[in-house]
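Order as written gives the chain letters A, B, C, D, E and F; numbering starts at 1 within each chain.
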Amino acid sequence: DFLNALTEVTSAFGASTDDLERCRLNGMVDCGARHHHIYQRAMLLVEQVKVSKGSPLVTCLLEGPSGSGKTALAATVGIDSDFPYVKIVSAESMIGLSEASKSAQIVKVFEDAYKSQLSIIILDDIERLLEFVAIGPRFSNLISQTLLVLLKRLPPKGKNMLVIGTTSEVTFLESVGLRDAFSVTYHVPTLNKEDAGKVLEQLNVFSGDDVDSAAETLNDMPIKKLYMVIEMAAQGAQGGGAEAIYSGQEKININHFYDCLGDVVRP
Amino acid sequence: DFLNALTEVTSAFGASTDDLERCRLNGMVDCGARHHHIYQRAMLLVEQVKVSKGSPLVTCLLEGPSGSGKTALAATVGIDSDFPYVKIVSAESMIGLSEASKSAQIVKVFEDAYKSQLSIIILDDIERLLEFVAIGPRFSNLISQTLLVLLKRLPPKGKNMLVIGTTSEVTFLESVGLRDAFSVTYHVPTLNKEDAGKVLEQLNVFSGDDVDSAAETLNDMPIKKLYMVIEMAAQGAQGGGAEAIYSGQEKININHFYDCLGDVVRP
Amino acid sequence: DFLNALTEVTSAFGASTDDLERCRLNGMVDCGARHHHIYQRAMLLVEQVKVSKGSPLVTCLLEGPSGSGKTALAATVGIDSDFPYVKIVSAESMIGLSEASKSAQIVKVFEDAYKSQLSIIILDDIERLLEFVAIGPRFSNLISQTLLVLLKRLPPKGKNMLVIGTTSEVTFLESVGLRDAFSVTYHVPTLNKEDAGKVLEQLNVFSGDDVDSAAETLNDMPIKKLYMVIEMAAQGAQGGGAEAIYSGQEKININHFYDCLGDVVRP
Amino acid sequence: DFLNALTEVTSAFGASTDDLERCRLNGMVDCGARHHHIYQRAMLLVEQVKVSKGSPLVTCLLEGPSGSGKTALAATVGIDSDFPYVKIVSAESMIGLSEASKSAQIVKVFEDAYKSQLSIIILDDIERLLEFVAIGPRFSNLISQTLLVLLKRLPPKGKNMLVIGTTSEVTFLESVGLRDAFSVTYHVPTLNKEDAGKVLEQLNVFSGDDVDSAAETLNDMPIKKLYMVIEMAAQGAQGGGAEAIYSGQEKININHFYDCLGDVVRP
Amino acid sequence: DFLNALTEVTSAFGASTDDLERCRLNGMVDCGARHHHIYQRAMLLVEQVKVSKGSPLVTCLLEGPSGSGKTALAATVGIDSDFPYVKIVSAESMIGLSEASKSAQIVKVFEDAYKSQLSIIILDDIERLLEFVAIGPRFSNLISQTLLVLLKRLPPKGKNMLVIGTTSEVTFLESVGLRDAFSVTYHVPTLNKEDAGKVLEQLNVFSGDDVDSAAETLNDMPIKKLYMVIEMAAQGAQGGGAEAIYSGQEKININHFYDCLGDVVRP
Amino acid sequence: DFLNALTEVTSAFGASTDDLERCRLNGMVDCGARHHHIYQRAMLLVEQVKVSKGSPLVTCLLEGPSGSGKTALAATVGIDSDFPYVKIVSAESMIGLSEASKSAQIVKVFEDAYKSQLSIIILDDIERLLEFVAIGPRFSNLISQTLLVLLKRLPPKGKNMLVIGTTSEVTFLESVGLRDAFSVTYHVPTLNKEDAGKVLEQLNVFSGDDVDSAAETLNDMPIKKLYMVIEMAAQGAQGGGAEAIYSGQEKININHFYDCLGDVVRP
């Protein structure tokens, strides 16, 4: 079942929670060497935080195009860390709150984490936390200042913390000084042809002949959007075909797949 | 009676409501292949939502010039979906509310929909929901952020949702990141000569000889404006002629029709 | 008496009210073919609204330079319509109110009108309702959004409404999308030489020889300003001459008239 | 005594009040033909208002450089009008009030005036009433809108009103539409050589030989600033000389006068 | 003792107060002809205010680079005036107050002064009273309007007032119209070589040979900064040397003086 | 142990506090002549403040790139001063407070310090206290004005104060006038090759041969970032290696060190 495909990367779970699991609804497939490298470096930071005395606070930013897999990756690191406190801070649970309330809620998460000897905080979609919009541009400077201070403030003696941020607006974060507030930054890329081919094989929804042609058209596609197109295509041109595809009885019609791709991709 | 002309497209009603019906006051006539294609693709998304496990939230934007039929089309998809929860969110019922109240009301509609296994939410005239005005430009960033989060937030497990947005300001939506927040976007066009001719024949208010000449002048006309011009012209130059036209006793004078068209169309 | 000169156009009064009458303090004289044409087209819309089933809301904008007679014209259409509900919405009665109160008051007028089977609402000096000022520019987006929605929202079933707007800032209305929110727009012009001559003859304050020379200098003059200059000139160079002029005993001295015109017209 | 020099222009007082008198602390001397002409035209408007039926509201703007005598002139017209209600609206009595309070207070003055059959309202230093500052520029749009409406709103039937505005920022008033809200505008100029000479002779503080040389240097000087320089010069280089000058015992030393002029005039 | 050096200029004290004395912590030394000239002209204005009938309000602005001695000069004029009411208005006593409170407090000082027959108000560091910052630029328009009105409003009959403003941001004051709101403006300069030499001789902290070389390097130095450098240099390179210098036992090492100057002056 | 390496510079402690010690978590190593020079000049200012009569307030700004050691240096001066009152004002303890509260809290620290005969106040990260963000730019003018006044206001008689500010946004401080509000400014630089080599030798985590090659790559590195890279590298490529490095048993692998450096440094 391609919806639950899991790679060995995430096979050994640590402190997992429902919230984190919902961040990778389509599981974790092998997306190629570049994605894997980032996972490994992030896990090294987890190790460093465990033993550090001189840098009780380590901060790491995952940036990349919309849908490239940043949130799923951060969640996976959180799950695999085995840390007693892993928390995701997301705009989803703060809709409609005032800037001050949002800021207070973020501070609260940090204060809670300070009580744990080892903690991970995921600041998901930082531009959304900051209520960023490109026109103007506008954003919440209150929340921006809060993050700037929190990303520099040391936890109490004896407590170590890893902060992972995600964003698809790294230029904006740069311009408000938030990019430089992170110690390290990793770029999470879209899939290239090879990556896409690898993913399609794992999903097993195309006939062997079509995998390569399909992968070719998926160059530069974010992993999240790939799942959306596959699912659209799986319905078939008349609808109702999804069952047969997912059960493996039938394969996706490559031409209908091209049609769906055309609807999703901007000309 | 041209005011109630209905095509077969909408003949099989599902979960219809008065609100949705008011969105297509002049019924649904055949507006040509391009309109029909969009209807079909939107109905495929309805099918996808019904069976999807990996994408519990599907989002679709209908954009196009003012009066091109977006709202009527969205309402028709809602009616034809047979979904238990179909709701239109419009600025009309929120005049004068504060940004915060509007935002809360929109959130409320989503929360209600989450209780239904299958739901459709129509965000009508998104630029109006956002209180957009081109000077500045100005708009409600609070509501904009609310929509950005809602269009990404997954419904609870087991609940699937289709969101249809409409707008005649797609460039603005683009600039605030709302266009890319939708999975797919369809452009609802104005009528071309052929479409207009087809519509005029269905309305049957011109003498046979005049249909073609009239259609010629209606190139690039939105369907909504076409209805307005026809009705103006139906009064006759001295007024009082509408009854005779609608009952079929008389036909519209083509020259008076040209006059009315001149008043409505910008030089 | 030129202050009460009335043309046949307005001779047959319908549902008249004091408020509407005050909008044409100097009565309605014949201002030439272009003014008359607009009056006729507006009256045709009145007819359309009476019988329409497919367009329960018709909207019409009168735009033109300051003082060209827009308000008087709209009031006249309202009076001549015989509609049971005719209401003028003006900034005069809302001085100092908050944007929210103004908006609420405007909505109230529409809600009241919805109770009437046939209604006319005159939105007078829309730029003033919107608190428009060219520097910035600044304006009330709250009221602007309210109008944008009200100009599109359909009255309840069975109720028909005509909205007439007036403005001398059509470019501004264009830029906030309010111009396109009206179905039709008519340009109310200043007087040309011929129009001015016609008006002067009706007023009968110049000796026959002077009418033409005077009219010549009044080219491109708005009707409202024409009345102001005439009255200034009627005082005479030493003051106190008005009585004699209005009673017809004397005529205005053409040179003094030129002097007054120079004070009023910008070099 | 030059401090109380009064010309015949203001000799016949009408409805005078202390407030208006304080506006011309140095009395009214003959400032030349251009000043006099404005006074005469303004008095003609007073006459017109007395008898008008078709224009119950007449509005007139006095604009000119700082210190050119606008306020004193407006006050003089008010005093000489003999009208039962003459009121000056000035920022001096409204320091620190909120925009809303200022606006309300201005409206109050108009409402009071509406009760009088004949009234004059002087809006002094309109840019100050509007809290105008060139940087930005910034100003109170609330008060600006209030004035725009008040300058157009007709008094109740049977009541006639003259509004006189003064400003040294006519370009600003133009840009907010307030200049065109006045029916007529007069430019109050600085003194030229001839005017200055005439004034100096009336003041009689220079020896006959020096009057011409002094007047020469006073070209383009506003009348108000002229009084300030004369008074500075009258102290003498060591101070204490004023008494002797004003009593006519001594004359001002022309070289010390040049020194003072240098301090006051911008290089 | 150079810290208490007083010139004859300030030897005859009038109505002195502690507040005013603190404004010239380092006393008043002879800073050269240009400083002296300004003092004399300001004292002439004091004389004028004492006897004036036609100009009950005289206003004077002291502008010049930071530290050039404006505040000390204004305080000295206040002390030397012998006026019963001399008050300094400074941002120091209003930190953190709202704009409205600051404005009210300033108005209060004027109202209090109006009760005195003769009064001096020093508006110190006007840009600071206005909360000016160059970015934007931003400033309090409320306070700016308050000052604009207060600088024009006449005291009650029989009361005369001198207002002295100081600023190091004369261009900003110009741009908000505050510079022209003062009758006269004097530019308080930095020291030139000659002035600096004169001051150094009075301070007597260099050996005779070094005075000239030191003065040479102090060209264009504000008097306030000169005191700071001298004090830094007086510590000696190893610290602890100040006592010996001030008591006259030792002289400042010229090379260490150059070092300190390098730290203070911008390259 | 490199985490606690202390140079002789800070060996003689004065009034030390926990807060100040936390500002130099990695101790104080010898960072080369330029850092040392600044320390010495700052300590001379401490001496000056102790004995000054004419300048009771001395102010000094430490500016330099992020992580160059400004805060640790300021804290060290505070600790070494032996002053009874040493206080650090930092945004960390004021997260989420309103501008007014922050401003009040800063004023409070100054008021408290005024009670001490000798005091040092460290304004840490002034751009953060001002909530500065480069877009716009935006910042708190309230706090900016508060600092501008506090940096000029003299302590009460007999009390002397040293204020040390730190910032990595000196251009911004310049533009709001805060840079010139300090008497002296010192630039705290990044390390050059020689400095870095010196530091690496003190840390003793590389084999002798590698120190020079490593130092070469650390040119222009801020001391704070150097510690972060060293700690990352100390984990080893597989993690878990830190213990062995810090205990001196093993040395850092130079190639892994280059890898880590690559992650931290921007291409």
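The criterion applied here is as follows: contacts are C-beta pairs under 8 Å (C-beta built on N, C-alpha and C of every residue); 3 or more make two chains touch, one makes a residue touch a chain.
Given the structure is predicted, the values throughout are model-derived calculations rather than measurements.
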item	value
Neighbouring chains common to chain C and chain E, by label	D
Numbering shared by both copies at the chain B-chain A contact, with half separating same from different	different
Centre-to-centre distance between chain D and chain B (centres being mean Cα positions), rounded to whole Å	61
Whole-Å gap between the CA centroids of chain C and chain D	35
Chain C-chain F separation of Cα centroids, rounded to whole Å	70
Sites on chain E at which at least two other chains make contact	none
Starting from chain A, with chain B taken as the next chain, the full ring order	A, B, C, D, E, F
For the chain E and chain F complex, residues of the former touching the latter	2-3, 22, 25-26, 66, 91-92, 95-96, 128, 131, 133-135, 138, 227-228, 231-232, 235, 239-240, 242-243, 263-264
Parts of chain C lying in touch with chain B, wherever the complex brings them together	41, 43-45, 47-48, 51-55, 100, 103-104, 107, 137, 139, 141-142, 144-146, 148-150, 152-154, 175-177, 180, 183-184, 186
